[in-house]
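Next, two complexes with chain A in common: one pairs it with chain B, the other with chain C.
Moving on, here comes the complex of A and B:
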């Protein structure tokens, strides 16, 4: 699906929090709310097709990651896509589910279908596809060629160091969307 | 399957008696016996052991003598997914002893797997202070019993060997009386020359006793718990079969008992021709290097035949034109003459008829500087003009030639068409490596090349259309 290459800053429906970093060259279409301390890398795609997208605090959305609010087949109408805090969407990952909790990691090139919802602390391994109609339990790890599953005893390590580093380095190389004041439309 | 050397399509004959065929990429060439060898015809010797993760090597002598044998000391496998483990660092702030107000940054280390995200903390293994040499393998609960059993068997075998020796020297009719004297005589002083020696040997043999294993009667065995077949199981707590086999000494049933196991060392080995006892493959000692000191593989000496293009259609009974390419890997110009296999030599799987040109094909030598040097004269004087009906294309040390294959009439759609051809090529010796007696007598600089014949079996493709 081709979206026009207009800059994300021209999209009037974005609400960007004050201390988040959203690169201008990211593709953001539709009603999207991005929470504070979230970093959206260049070339990320956030497309609110079938409803608004609400992204929480402290998330990391890397290059070529795509978050698309798509209805599962057979469902009509618009419903919001809610993403919690401290999640990481690594390079090339695709998330099309309707809900995600906190502290999850979606590794490179992993795909989550519109039928799945993810709770907290899950790790979807690289190149794994999750397309069952289910809610993944807390701290599930999916890894390997045959998408083997496991339960972890601890949450995935925090991304605080990475976020701090990016906050220092990214402004030197990219332009960001300036967060709007509440009074303007 | 796509592969560079077409390992599943083109196979060379290794030995006529056994009728084995193998792709050239997997074969070796003994320049002393002038024959193709497969790994079955070669004996291997282990040169060195090395750890695949840290690439440090140790000699076979160390392996035999040290207690750790062929296990790496610092590299571990993840018990959950059998990938290699990496060290994770956890920075803590602990109070400095004595001064309760200051905080000291300390690093503790734990093992973590990057693939399945297992950590050594999940099973309760405490974090270590030092990054290397701190982790040890889980002890085998039966190790003590195994050790005492091994000692006892060693004692038994030693004793048997001694008894045999002492009895063998005695004439048979005296053997029993001698033995009785040795064991039961009160004086224990039999005047024989071998007495002193035997006394010493018997004294060096320490008596080792062993407790027989305990046995339990069937009534005392614990009964299975009541709900074992009806209770719900938590799958995440159970270990899988691969995980249990990872540590065969103590196969854990529960994921909380999983522990990292040592990485087994890889070996570098050298291959030797069984017939003439010369080394064919000898690798370098450095484990990180992929080069060889001696590298006599078939691809370097035998011209390689490949299918040039996939065939569009094959029909049973129809004469099809097949393009094959030959690559000359040697440093000399070679002459190749093709011929069909005679009926006795044809392997049973061949199900088609091949027509080959009778011309001798000349292929230029391998010239590694060809891409850098300009050559205005494309055809060498020796090569001359090519017959365009036979040789389609010539490019340095590679030519593409035509042949015609007629699959048998009774073949069905989907059957693979297999042909066989023979070719004779030259093998020039490098007289520095090989010294043969007749050459030393002649003392001539130019060595006459040996003519070698290879039989090649090819899978051209499947029948696509019926008649």
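Moving on, here comes the complex of A and C:
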């Protein structure tokens, strides 16, 4: 799929919260709302193809990660893709589901199909694929070559320290999309 | 060991004074922190994150398309920071691999589509098979082949690995010419 190489800052449909950092070289297409304290690294892809994408607070979206709002096969119409707080999308991960809760980690090169929804505290291990039409329960871990599952006793560790560090050094090297001033209601 | 040879359209690669060939389509963030020691090849669509911490890459390294080299994040006693990523000489990194390692020795062969976890340490003369995942903090000893998810030792390398990798990477660089 080739998307236009317009700079993300020219996309008028992005709403970026005040203290989030969204790199200009990220590919952002369609109606996308990005919550506060979220960091979007360069070369990330957020594509709202079949509906808007709403990303919560404190998320970390690394380079080559893609979040695509794509309808599952057989479903038409547009519906929003909602992502909660404090999630981590590592390098090269692909998330195409419709909903994600809080505190999840999608590790490098993992894939989540349009049929799956993820609740809270889950970890999808590196190179794993989740294709089933299901809602993953809280604190599920998917790992290994055959995508075995187990449950965790506690949530994945918080990325707060990394987010703080990135907030300090990323502005020295990258340009960011300027947050829009929303009229107060 | 033979690596497939390639050539490139003239003008698509930048040749530096020390002989490095860097694709114009690759992304080198924070290039002032990235050191390529000489005669290395960085192919298209690679991402090297020098903005997070310094990245040092040795001589005659080959970094194939779509790879990502990113310094790992480490929590110290007094806070946390991104740790510099050191890569030795004659290292081959296959297509699409994600390298989050803190240190890669010399004469290392990393296959396609691998995920090298955070803070890993790959010693000299080791090999990582295609499609393998190294969990964070793994140490890969010399002369071993690691593979699988999570990566475990699956084979051994001969003592001549150093010369095999030296020859392979030097030949790749020599044949990697503009059309």
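Methods note: the second predicted complex is superposed on the first by the 182 of 185 C-alpha atoms of A that agree within 3 Å, B and C clash if a C-alpha of one lies under 4 Å from a C-alpha of the other, contacts with A are read in each partner's own complex, and residues count from 1 in each chain.
Basically, a residue touches a chain if its C-beta (ideal position, glycine included) is under 8 Å from a C-beta of that chain, and two chains touch if they have at least 3 such contacts.
All values reported here derive from a predicted model rather than from experimental measurement.
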item	value
Fit-or-clash call for chain B and chain C when the two complexes are aligned on chain A	fit
First (chain B), second (chain C), both or neither touched by A:144	both
Residue contacts on chain A - larger count, chain B or chain C	C
Partner chain(s) touched by A:153 [first = chain B, second = chain C, both, neither]	first
Vertex chain A angle, Cα centres of chain C and chain B, expressed to the nearest 10 degrees	40
Shortest span in Å between Cα atoms of chain B and of chain C, once chain A is used as the common reference	5
Residues of chain A that lie at the interface with chain B and also at the interface with chain C	125, 143-144
Partner chain C, residues of chain A touching it in the complex	25, 42-43, 62-64, 91-92, 107-109, 125-127, 143-145, 161-162, 165-166, 169-170, 172-174
Chain B - residues contacting chain A, complex	80-81, 115-119, 121-122, 236
Footprint of chain A on chain C - complex, ascending	27, 29-30, 47, 49, 51-52, 68, 70, 73, 75, 79-82, 96, 98, 100, 113, 115, 117, 131, 133, 148-150
Complex interface listing, chain A residues touching chain B	123, 125, 141, 143-144, 148, 150-154, 156
